[in-house]
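Have a look at this one.
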Amino acid sequence: MSQETIAQILKEYIYQSLTEKKRTDGRELYEYRQIQIEPGVIEVAEGSARVHLGNTDVLAGIKIATGEPFSDTPDVGVLTTNAELIPMASPYFESGPPNPKSIELSRVVDRGLREGEVIDLKKLCIEPGEKVWIMFLDLHILDYDGNLFDAGALASVAALASTKVPASQYELGDDFQLPIKNWPVMTTFAKIKDVTVLDPSLEEEKVADARLSIYTDQDGHVRAMQKGLNGGFTLDEVKDMVKKSEEKGKELRKILMDAVGGA
Amino acid sequence: MSQETIAQILKEYIYQSLTEKKRTDGRELYEYRQIQIEPGVIEVAEGSARVHLGNTDVLAGIKIATGEPFSDTPDVGVLTTNAELIPMASPYFESGPPNPKSIELSRVVDRGLREGEVIDLKKLCIEPGEKVWIMFLDLHILDYDGNLFDAGALASVAALASTKVPASQYELGDDFQLPIKNWPVMTTFAKIKDVTVLDPSLEEEKVADARLSIYTDQDGHVRAMQKGLNGGFTLDEVKDMVKKSEEKGKELRKILMDAVGGA
Amino acid sequence: MSQETIAQILKEYIYQSLTEKKRTDGRELYEYRQIQIEPGVIEVAEGSARVHLGNTDVLAGIKIATGEPFSDTPDVGVLTTNAELIPMASPYFESGPPNPKSIELSRVVDRGLREGEVIDLKKLCIEPGEKVWIMFLDLHILDYDGNLFDAGALASVAALASTKVPASQYELGDDFQLPIKNWPVMTTFAKIKDVTVLDPSLEEEKVADARLSIYTDQDGHVRAMQKGLNGGFTLDEVKDMVKKSEEKGKELRKILMDAVGGA
Amino acid sequence: MGMKSDIKLIDKKGLRLDGRKPDELRPIKIEAGVLKRADGSAYLEWGKNKVLAAVYGPREAHPRHLQDSSKAIVQCRYNMAPFSVSDRKRPGPDRRSVEISKIISEALENVVMTELFPRSSIDVFIEVLEANAGTRCAGLTAASVALADAGVPMRDLVVACAAGKIEDTVVLDLGKEEDNFGQADVPLAIVPRTGELVLLQMDGDLKQEELFKAMEMAMNASMQIYEIQKDALRRRYAVVAEEEKDEIDSAQEEAKT
Amino acid sequence: MGMKSDIKLIDKKGLRLDGRKPDELRPIKIEAGVLKRADGSAYLEWGKNKVLAAVYGPREAHPRHLQDSSKAIVQCRYNMAPFSVSDRKRPGPDRRSVEISKIISEALENVVMTELFPRSSIDVFIEVLEANAGTRCAGLTAASVALADAGVPMRDLVVACAAGKIEDTVVLDLGKEEDNFGQADVPLAIVPRTGELVLLQMDGDLKQEELFKAMEMAMNASMQIYEIQKDALRRRYAVVAEEEKDEIDSAQEEAKT
Amino acid sequence: MGMKSDIKLIDKKGLRLDGRKPDELRPIKIEAGVLKRADGSAYLEWGKNKVLAAVYGPREAHPRHLQDSSKAIVQCRYNMAPFSVSDRKRPGPDRRSVEISKIISEALENVVMTELFPRSSIDVFIEVLEANAGTRCAGLTAASVALADAGVPMRDLVVACAAGKIEDTVVLDLGKEEDNFGQADVPLAIVPRTGELVLLQMDGDLKQEELFKAMEMAMNASMQIYEIQKDALRRRYAVVAEEEKDEIDSAQEEAKT
């Protein structure tokens, strides 16, 4: 059988189950896989967190240095997000410079952190126009079993929440905890034929027609969205997912804040 | 029929016509295609010009910033020329870093601008050794129907002639028109078997044995030359083309100066 | 016959000879090919040396500039080693950025220069934390007939010993000879089945199971080592080679110092 | 989004910096068939945005390992000319353009009948010649006209438009200052016949109702843009038909003599 | 090697900064089978070093010109996570990691029965998550456990360990400060069954006897580490066997009903 | 061209900085067959320029898509060693060397009988070891000797030389200061047998008569250089013949015993 035929059979099988509201791993349509968040796993990093979302395994690490601010925002710190889909994580990931998939991941995760104002970057200015704190957030994907978006966003916020700014090392006063302002979380839905599910597994991603990722904050505001794949959504489907994302976001946020001891 | 056989037949056909002093598009041997020059087409650029040479379509844009001069020329501005053979323009152009063809194009165009002293770069010094105006000239090839050299040179000079230096934006006095010193133009000849033609079309380029590009200034001086392809020229052929380039250069220069309102 | 079969036959042939203590080019097991060292061959370079090791031909050139020291070693000069396996030297070398083979070569040569303290880098500090002499050592491999390690190390030390620091050009006093502190030399052994030979030729390298390069100084101390290839060495074999490297290193060092007029 | 400024983006009359009403589009012009070499092309001006789109294909997908034995792949390359923005952009793809190329490719794949052309590639090149907020919508809108001009079989055109929020008001089609200093931007693209969303992004800060309002506003405006697309194609077909008629005429003319 | 410092690396009692004796290893923990997607994997902590190794293959070597018609190739990619060191490391290979990848590949090739898998590649990925001196030894030691976990046929495991010289004393397994301010480092790897050295590097300044002593010290310690490797694999097989037993049980259970 | 300076490039006697007359070449030395591994090679000194050229092929063109089924391709790589110039040059091709590689490839293709070797590549490597104005002419001149040394069938050699203008005088073969501070440079290459120009560049400012005079001067000098090329090849053949004779002698010697 050709690859395409196998994919088609898999798709039919998964879809058939979904019409009976069953997922191949036994989950409800809008149920997350088991989530495990370990902040502070990398001692040498200023912040870090490892997140297991089912078998998906993501490690976020944060390094901090001082540097010049951007000329158009002279009084705010800098946060740079990068994601590496290292070949360890999947037989389909290759070594080399970031590809469209990893660039989209890092940009979407970054967009939610930025628009969701997870950190008050103004508090990371050392001397306006001259020197600010620069944070490098690196997402290292260790095991890929679907839904890197939500896992990556969780790991990123958890890592930021565990971060100590190494001020004393630069003789800029005492080290201090990175001030977390908001707790944005991302919820990702996949549409398989006409059924949408939350937190798609790799198997589900493979047969999905469309994907929608929604970043919400603790007030239920939407802070970032990204649709993917070549399928379409109706407006009503989007509205429905946005509403679900607020509710599911609350659950995720609780798990996240419990793990990092958030306010 | 193989590609080579087709090329051979096309070559024979074009050559046969040429021996009867006819070109496949009806032109004389030393006749340019229709030339259209539109300066100032890109508002956000400090200078720009779009040139149609028959169906060849080239857009030159100029951006200006301040920066450090080169250490061996501390009191002159900097002009940098780059050409992109974007895949939009031809099925044979590929994305990616500049290849030998685009590098040769940009370097030959640049050589004529530089040696032809189109601009008095000394007038673009702000503070000797410290700060000068830096001009980025980018050639964007939109549609490729042969003779990018002449089209690129025309677009470059036209764009420079339409350029306003944004001095006020840098609090360095009033904006001012870029001072054009000379009006070099390039004329390119192709040799097909033993016949030479001016302004080769793509079809003619494909079967040409040798190519010669000659930059002349308004005094008839030669400022730059570049021979291409693996065919050879006799000294007499070169002398003949150099003389023709002076005469044809005058025609081109008139069209150019009319279009940009040159002195 | 397949490539593998030919290699196997070559290996058997070479091995058979070795068991009779003969090498295909008539050398003893622990005998170097003819060594020729010409320092100062490139006038425009601050230092240079060309080394022939049999037919292996290596050119080392040194360029010197001033620059900032590394932040963790503010009072020492900088030595950077690079090796280019240019396609001129072998049908198996390709153009392009450094590959694992050339990176290993430059790093191993560099390690011995650094650990062997060939230069007293402290004497190359101009102003602590601000300005030091920066030396670029480039190994250009011209002809490849095996054992680039030893040839590269010899050429590097010879080039350094022939180097004049161009202080006057920077208005920093008189030019001065680069102060050589130690004379480390590298000796490379190859193991073919269970016989080890010194200074493997290309033919021997092709069939070798394991390689060991040992850098010794004039006191017989070991300063750097690198094992290569997938074969193994016993501890006794290593001990034996280390001892031989001291003795052979002395011979090499004499040739080197005679060639450069070393102390 | 969200840079601070003292600029008043909406005046007392409820009009925007460029005089537009909240639900008013900037002027849009489209011309199809503007390039000779490409199989299809379109030039689009949208406010001060100037965008060129070209299509090559279906042609053999290259390199080979990209080929799909069951369908064509749609490969879009969104690129900004170095002189298209205030500070010169270095040539070549940056992370932003890679992301935009990806989502535009996905949106176009929705309507192209890729199943007709196994192992092929349909290559879409979008060149932003001048950028002034909204280039991804402009580029996608132009690209689908270029696809039609190339004669690539499609289920429908794709139309793109954005809406957003400035000074707590939901408005259509953000301009440059509105994009810099506004509160949210929602670019989307629809397939008019089915109403399905094939591209959807958002960044900023929106309550759910605001988001839904913005989406509806952009979707409605898309139907206006759809008419401009179709008009451009109609004009293009008229020209082509005219040329063909001329050719037939002159052939007949010749036959007479 | 050899940066100057006032730090006393060995105290009066002959103990090192972290309290170790000269011939004492840092604590080592290995867990096999920690990743789902890879064919084999291992997680290793060695002092403060944290290393993950994964194995894919034997699979078709790619690109094709790398294929060897007589045997499999072993391709190792040693990589440091950007956050694994004091100053952030830019992603992607640097010259150091290219060299380490090369010598680890060569060492592993010694034990893998490559002749069984012509035209194939056995890909070994080593990710250094946290680095604290000795990552190449940690990575190679983890990689050979991951190979065994993947069921790749091997003649033996490879075990790596380093010894060196600090304050004129030969010591085992240098820690970070010892590496920075010490006099020599000798990382090596052996195949325990044959005792052969398959990786050997050295930098610094050693008399011959010191070098030989350091090598013997590291080789002896390797035998301890070999036990930790085997123990990790034993635990892994127990888990796998348990899982398989469960599956059989439940299958039988099902059969009954 | 055209940097300003107070240096007097021509003295009262009409002699140049290095004592040459206007139409005098710098000293040129060529040796063929200097490398073992390459199929053909040549070392050339031209004033202070030191250039090495090597040829491999005809061999299978690689990668495959470069192959031409009707003829061989000639691929030249002109490269400057990092230490060959005053300020160290970063390794790898820059824009200048890419352009020079292209025009040298085209010039050599004129004389190589490429039609004899379809699908092949003839690879020419030029390494500038020391640069002192005129390296493209030196490289091309050396390359054609290396091609002959490799036994590549050619219609003729290619010879390159430059002329230019300094202090309003047309002179042959510009030196470094003349290149920096002069008014024009015209590098060219001819095929001596036909007199055809296969490489021709110019930059600076020349009246037509000056240009023609410079070209004639360089073309005449090329004929002198042609003799030096042929002499190098003659010496090379003598050595080869000698070696072969020795082999035959010793074979006969052996046969006798």
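All chains are identified by letter, namely A, B, C, D, E and F, in their written order; residue positions are counted from 1 within each chain.
Quick note on the criterion: a residue touches a chain if its C-beta (ideal position, glycine included) is under 8 Å from a C-beta of that chain, and two chains touch if they have at least 3 such contacts.
Not measured: the values here are computed from a predicted model.
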Given chain A and chain D, the chains that contact each of them
none
Selected from B-F, A-D or A-E, interface repeating C-F by over half of its contact pairs:
A-E
Centre-to-centre on C-alpha atoms, which chain is most distant from chain E?
B
Distance-maximising chain from chain D - centres being C-alpha averages
C
Let me have the rounded angstrom distance from the C-alpha centre of chain B over to the C-alpha centre of chain E, please.
59
Return the distance between the CA-based centres of chain B and chain C, expressed in whole Å.
49
Separation of chain B from chain D, taking each centre as the mean of its C-alpha atoms, in whole Å
31
Round to the nearest whole Å and give the separation of the Cα centres of chain E and chain F.
52
Please output the residue numbers of chain B that touch at least 2 other chains, ranges allowed.
none
Going by residue number, chain F touches two or more other chains at none
Are the chains arranged, by touching, as a line, ring, star, complete graph, or other?
ring
Read round the cycle from chain A toward chain D, the chains appear as A, D, B, F, C, E
Provide the residue numbers of chain D that touch chain A in the complex, in ascending order.
1-3, 69-70, 95-96, 98-99, 101-103, 106-107, 109-110, 186, 191, 194-208, 211-212, 215-216, 219
Hey, which residues of chain B end up touching chain F in the complex?
2, 4, 72-73, 98, 100, 103-104, 106-107, 111, 114-115, 212, 217, 220-235, 238-239, 242-243, 246
Along chain E, where are the residues that touch chain A in the complex?
35-38, 48, 50, 52, 54, 56, 59, 77, 79, 81-88, 91-93, 123, 125, 127, 129-132
Which stretch or stretches of chain B touch chain D in the complex?
41-45, 48, 55, 57, 59, 61-63, 65, 82, 84, 86-91, 95-97, 136, 138, 140, 142-145
